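As written, the chains take the letters A, B, C, D, E and F, and residue 1 is the first residue of each chain.
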Amino acid sequence: MKAISYQEQPVEEYVIREKPYYVPVKDEVEIFTAAFENNLPVNLKGPTGCGKTRFMEYMAYKLERPLITIACHEDLTASDLIGRFLIKNESTQWNDGPLTKAVKNGAICYLDEFVEARMDTRVVIHPLTDDRRVMPIDKLGIILHAPPEFMLTISYNPGYQSVLKDLKQSTRQRFVAIDFDYPPADTEYEIVAHESGIDMEDARTLVDIGQKIRNFKQHGLEEGVSTRLLIYAGMLIRSGIDQKEACRAAMIKPITDDYELQKSIDEIITAIVE
Amino acid sequence: MKAISYQEQPVEEYVIREKPYYVPVKDEVEIFTAAFENNLPVNLKGPTGCGKTRFMEYMAYKLERPLITIACHEDLTASDLIGRFLIKNESTQWNDGPLTKAVKNGAICYLDEFVEARMDTRVVIHPLTDDRRVMPIDKLGIILHAPPEFMLTISYNPGYQSVLKDLKQSTRQRFVAIDFDYPPADTEYEIVAHESGIDMEDARTLVDIGQKIRNFKQHGLEEGVSTRLLIYAGMLIRSGIDQKEACRAAMIKPITDDYELQKSIDEIITAIVE
Amino acid sequence: MKAISYQEQPVEEYVIREKPYYVPVKDEVEIFTAAFENNLPVNLKGPTGCGKTRFMEYMAYKLERPLITIACHEDLTASDLIGRFLIKNESTQWNDGPLTKAVKNGAICYLDEFVEARMDTRVVIHPLTDDRRVMPIDKLGIILHAPPEFMLTISYNPGYQSVLKDLKQSTRQRFVAIDFDYPPADTEYEIVAHESGIDMEDARTLVDIGQKIRNFKQHGLEEGVSTRLLIYAGMLIRSGIDQKEACRAAMIKPITDDYELQKSIDEIITAIVE
Amino acid sequence: MKAISYQEQPVEEYVIREKPYYVPVKDEVEIFTAAFENNLPVNLKGPTGCGKTRFMEYMAYKLERPLITIACHEDLTASDLIGRFLIKNESTQWNDGPLTKAVKNGAICYLDEFVEARMDTRVVIHPLTDDRRVMPIDKLGIILHAPPEFMLTISYNPGYQSVLKDLKQSTRQRFVAIDFDYPPADTEYEIVAHESGIDMEDARTLVDIGQKIRNFKQHGLEEGVSTRLLIYAGMLIRSGIDQKEACRAAMIKPITDDYELQKSIDEIITAIVE
Amino acid sequence: MKAISYQEQPVEEYVIREKPYYVPVKDEVEIFTAAFENNLPVNLKGPTGCGKTRFMEYMAYKLERPLITIACHEDLTASDLIGRFLIKNESTQWNDGPLTKAVKNGAICYLDEFVEARMDTRVVIHPLTDDRRVMPIDKLGIILHAPPEFMLTISYNPGYQSVLKDLKQSTRQRFVAIDFDYPPADTEYEIVAHESGIDMEDARTLVDIGQKIRNFKQHGLEEGVSTRLLIYAGMLIRSGIDQKEACRAAMIKPITDDYELQKSIDEIITAIVE
Amino acid sequence: MKAISYQEQPVEEYVIREKPYYVPVKDEVEIFTAAFENNLPVNLKGPTGCGKTRFMEYMAYKLERPLITIACHEDLTASDLIGRFLIKNESTQWNDGPLTKAVKNGAICYLDEFVEARMDTRVVIHPLTDDRRVMPIDKLGIILHAPPEFMLTISYNPGYQSVLKDLKQSTRQRFVAIDFDYPPADTEYEIVAHESGIDMEDARTLVDIGQKIRNFKQHGLEEGVSTRLLIYAGMLIRSGIDQKEACRAAMIKPITDDYELQKSIDEIITAIVE
């Protein structure tokens, strides 16, 4: 069986070559490193856009492992992860899925929003997350043994799981869990300024507004404004958009359709900006 | 692997060669341009037929990018966007989907009514909408890096989202959002006259009726009459259909099946037309 | 790519060569003609069996366009409309769907009971029903531009739409709408006599009964008896079936299973026939 | 395209060569014949096992047409009816479905329990049941015109339709309808004796019991005992099974699992048999 | 069309060569035999593990017919029963399903837990269970006529049918029905001793316990303990497991997860065993 | 039919070569052994992470059989278990599924969380779990007879079965059942120390905390903390993570998202650790 060249994808594409910008908040780097050393899978718990993806890039860089990220969704099948046969030029060739690629290459596999995946996908990781650390590929009739460098991580947003979309205990209890949240104000100033290219003063204003908006979670806001959106606002400002308009386009309209909430938040912005 | 010619579709087909007729209402052109410059994805929020599609054509013309539009629906799969293998003359060939085509050619990709798409489709855009700006094509085993000219935009009608069809925060917070609404009366006169070929007086009558109908939203009308339907009415009038009949065929019967509502709106038309 | 002959279906099969029998009721012919001239899509609204299909045949004949009719249903896919690849004699050939055929040949495409179609099918028509008038065929990587002669029409029965099967405003507002109803008595006499071959006296009796039955809609009848069923009754009578039995077989039993309703309608028939 | 021999199925297999035993009850033979002469589709309405299938065999024999019967169910697809392509020896061949076969050969097509079919299947018959009498086969790109001998019939049991499984008015109003019920006692004696081979006295006893059981419909019995089950009981008796045991095995246990109902019916049997 | 050898499966594999151990309870052997002689299908009604499968093996041995058993479930398709085409070495070959094999070879076909099958599967048997006794194989375009030796049987557990999983009357009324229940104590002693290899004294103890457990059905036990589980307990005892532990492992823990119920049953066992 | 080499997977891969660390709690080893000797299938009932998988490895080692484990889920099909045809180099080859492999090689097959499997999968095991001990492979037209060494085992967590995901009595009553629970404190100290490499004192502390957390099940905790998570905590401690932080990351955050519960458990940890 000769594999076609574009399948032998150089896993180097997944290597992160430049140190990602990441400001640690608590002891998340140490716990993650200890889990990596003990071959334990890790579950990153936290809200949208608070830096989980960036943290993964940072840890992959630090631990010198390729990072293979998979955005989970309800139509992601086990075959999408493991691989499948494709018919090529009259013969059938096996095509590694991203999880198989990660196991073979000792990469860190990051299953983003794992709870969105279908049941078959969620169960696929079971033999990889107990002390067997194997992945049977039934279609090939083989069992892959994960090298020590392979690590499995998932992310999970406890803020919006329903009864239907919950992690089963038999899955949850396979992971060391690390909590994530929006960074503290001082850290967030720094991040927003660094990422959007505005000065610290402007960054401070945006973070102040962001924190006030996050308090609206008690008043019906589904989820607070993410650090990512603060950075968007900064970028629009840097491109010459009026500060208030930039906040509206990047921090109010993206997070809610509720007219009353929008108005209340708008008043906050006006009060701070002027 | 020789690709069959009709697959190498010249992306020029998607280039808009004539300046589309568009009358800006607020600062939507500036915000969109700033988002484009900063590689930020944009979400156009607003009701049916108020000009979002025309705005996209206008911006694509202005920014000199091809525009690839995809009408989303609940059966649109990730493969429909990304591409798939097809068996041709005994060998298998890869066929780029419209999103892949947009990424490769630095086009603007417009996912119309994005919330109608299935979950797997919605998640496909995640790696394209954070700072990675990549699109992994698992079936080819490659990762496409989007060029700076590539831009992703979606549209979203907050007026009729149900609980089941809502944008998840983890998706929403990836987009700068711009609000759209029916144009102000002066602008709408101009548009209706220009597009349907009737004179300003007739256009004014149609816009007056349209605005009165939109007030019925408080009285049970699901959505106001769109600018597009005003133009339809104008066209029928220009073709010799009686003004009242044209309004009925283009502005009442299309928007509601409710007999009482139809009658009330009919009275308004009669009052204005006569 | 050589197409196999039976795929090159001569669109002449869809040309209506004899003038269909149709008696206009209001200004439906004029509005339809104006819509055709302005390239506007049309929505025929009305109950079962009141002549919408015949009207379409009549207009196609009058406008000298082929008529391609598609009965929509919840399993009709976008590919059923657009086309698909088929494997033939070791190679793959494209097979135009009926909508593609209509666009290519400048035919009138009639999507009967459009609201029964799946969402992907309904959305397929969007780019054909705004001013772009195009149909992207992603699988071929081409964009078809509809010629001016192409026209898209749908039918819609407002009488029995549920919440689940409703036309979205973003679809509705793309169509000029024409209301249809059972023809007035004088016209219906004529139609029944002409179509079933019975004399005017018998036709009058059938139409009288039909109109009385239609009044039962207030008493729990789901939908009135259609002109088509009056014609069926006429045909049975012409074949020698007793008038009362013919009415039972063609006008009572087809429309309801409710024993009480059947009995009440039977009494009406007995009163009129005897 | 050479068709493989077993596909060219001789439709003679569907010809009924011996006169089926059928005892007419009302004017069903005349109405069916008139419908056949006028090319009208027919709907047989009635409970389980009261002779609808036998009636169809009788009419097919009398009208000298082949009879193609299709048992409908919720997984029956349009392709199951129309046909599909199959890959055979490196080329693709079309395989007529039973409905296509019926249309081509001018057979009578009987769709048993039509309401159980999926929507796409139900809609397939629309163009065959109005005055066009055509069947488009999109996959072949052809339109079949039904010959005058072709007739479409369906059966429908009004006794157990739910809201979900109801015939739409736009389908119902395409059919002349004939009511069926259990035959009157005199006819049923004759049928049971003839079909099971027992003498008239025993047949009378079984029919008496059957009619008493049917009265239990007011007391919670879902549906009465069919003529077919009376015949089963007769057969068991003829094979030497005790009369009471035969009635239990063929007339009580098949129709209900309710212990109380079983006991009440058993008492009736005991009273009549002893 | 040359069939590949392993498809020409010798139906002898399904012949039962040794007389199965079966102790008749009522007249079930006579009724089944009479049904076989009259070509009537049979429905075995009764709870789990009371000997229906063994009865079928016994009757197949007695009537000298092969027995083809199919465990029904909600994913069993009509094709699973009838057969399908498979691509083998560049050509397509037909592969008989188990029902087809049974019809061709005049076997007894036993559809275990028939009500679990999907609708299409349930309807497949209709033409085999009325006086036509045919099976159309649409994909081959042929109609199989069942030989007189072919017999169709189903099993059905009235104890746990829900509204969704009920046999339709149009299916039920096609079958002669035979009731099954746990055997009377004397018979059950004998069976347990014979099958597990323990002595009659021990068997009596197990049957006594079993009957007491069955009385718990009024106290919330879903279903009584089957004869099969009594045999399991006997086997564990013969292998040296303590009598009480054997009863727990084979007769309590398998039938309920309810702690209170388990404790009550445990007390019964203790009382009897000690 | 020549099988391709990688399909002839040496079942030795499934042989467990080193004695797994397992501390028996009750008589589970004896009952399992007796069931194995009598060819009885076994059902392991118990909560997540209490050692069922390890027990299976231990028994497979002890009984000298290969162990083939399959994690069940709602998308696992019967074909996934039994096998399927794959097209390879122009011909079709059969690929044994894991269950077929287990039957052929006399292995122990362990269906983990069996109740998660789809119905068709659950029914597949029926003929293997009664005295026939056969597995029909319809697609090959063969019946596999299981050798005496083959054993079928399932696991089942009674703690979280819903009405929808319950074992049917007709399945349950095919298995001898063994109860599992968290090991007694003395055993658990030993296990945690042995598996994580910490000393007995630290292990005692973790087990004490673990047992206190398990008492929270009455206060809304879905399931107690598993022995596996105690081991995780031990590993983090051994890697230098602070004891309290290790408990949080491995014993609190993985098992609940409830903030109040987390706080209460945190207090317990603080009280014990300090």
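Convention: a contact is a pair of C-beta atoms (placed from the backbone, for glycine too) under 8 Å apart; a residue touches a chain by one contact, two chains touch by 3 or more.
No experiment lies behind these values; they were computed from the predicted model shown.
Engineer: Under the touch criterion given at the top, what is the topological distance in steps from chain B to chain E?
Structural biologist: Minimal hop count between chain B and chain E: 3.
Engineer: By how many degrees does chain E turn when fitted onto chain F using C-alpha atoms, rounded in steps of 5?
Structural biologist: Result for this pair is 60 degrees.
Engineer: Relative to chain D, which chain's C-alpha centre is the most remote?
Structural biologist: A
Engineer: Farthest chain from chain B, going by the mean of C-alpha atoms per chain?
Structural biologist: E
Engineer: Just how far, in Å, is the C-alpha centre of chain B from the one of chain A?
Structural biologist: Computed from C-alpha means, the inter-chain centre distance equals 30 Å.
Engineer: At what distance in angstrom does the C-alpha mean of chain D lie from that of chain B?
Structural biologist: 51
Engineer: At which residue positions does chain E touch at least two other chains?
Structural biologist: Residue numbers touching two or more other chains: 87, 90.
Engineer: Could you tell me which shape the graph of touching chains takes: line, ring, star, complete or other?
Structural biologist: Basically the chains close up into a ring.
Engineer: Where on chain D does chain E make contact in their complex?
Structural biologist: Against chain E, the touching part of chain D is residues 6-9, 13-14, 48-49, 53, 69, 71-76, 80, 86-90, 95-98, 101, 112-113, 116, 157, 160, 222-223, 225-226, 228-229, 232, 235-236, 238-242, 245, 249-250, 253-255, 257.
Engineer: For chain A, which residues are in contact with chain F within the complex?
Structural biologist: 27, 30-31, 33-35, 37-38, 40, 43, 45, 77-78, 85, 87, 90-92, 118-120, 122-124, 126-127, 130, 136, 138-143, 158, 161, 168-170, 172-179
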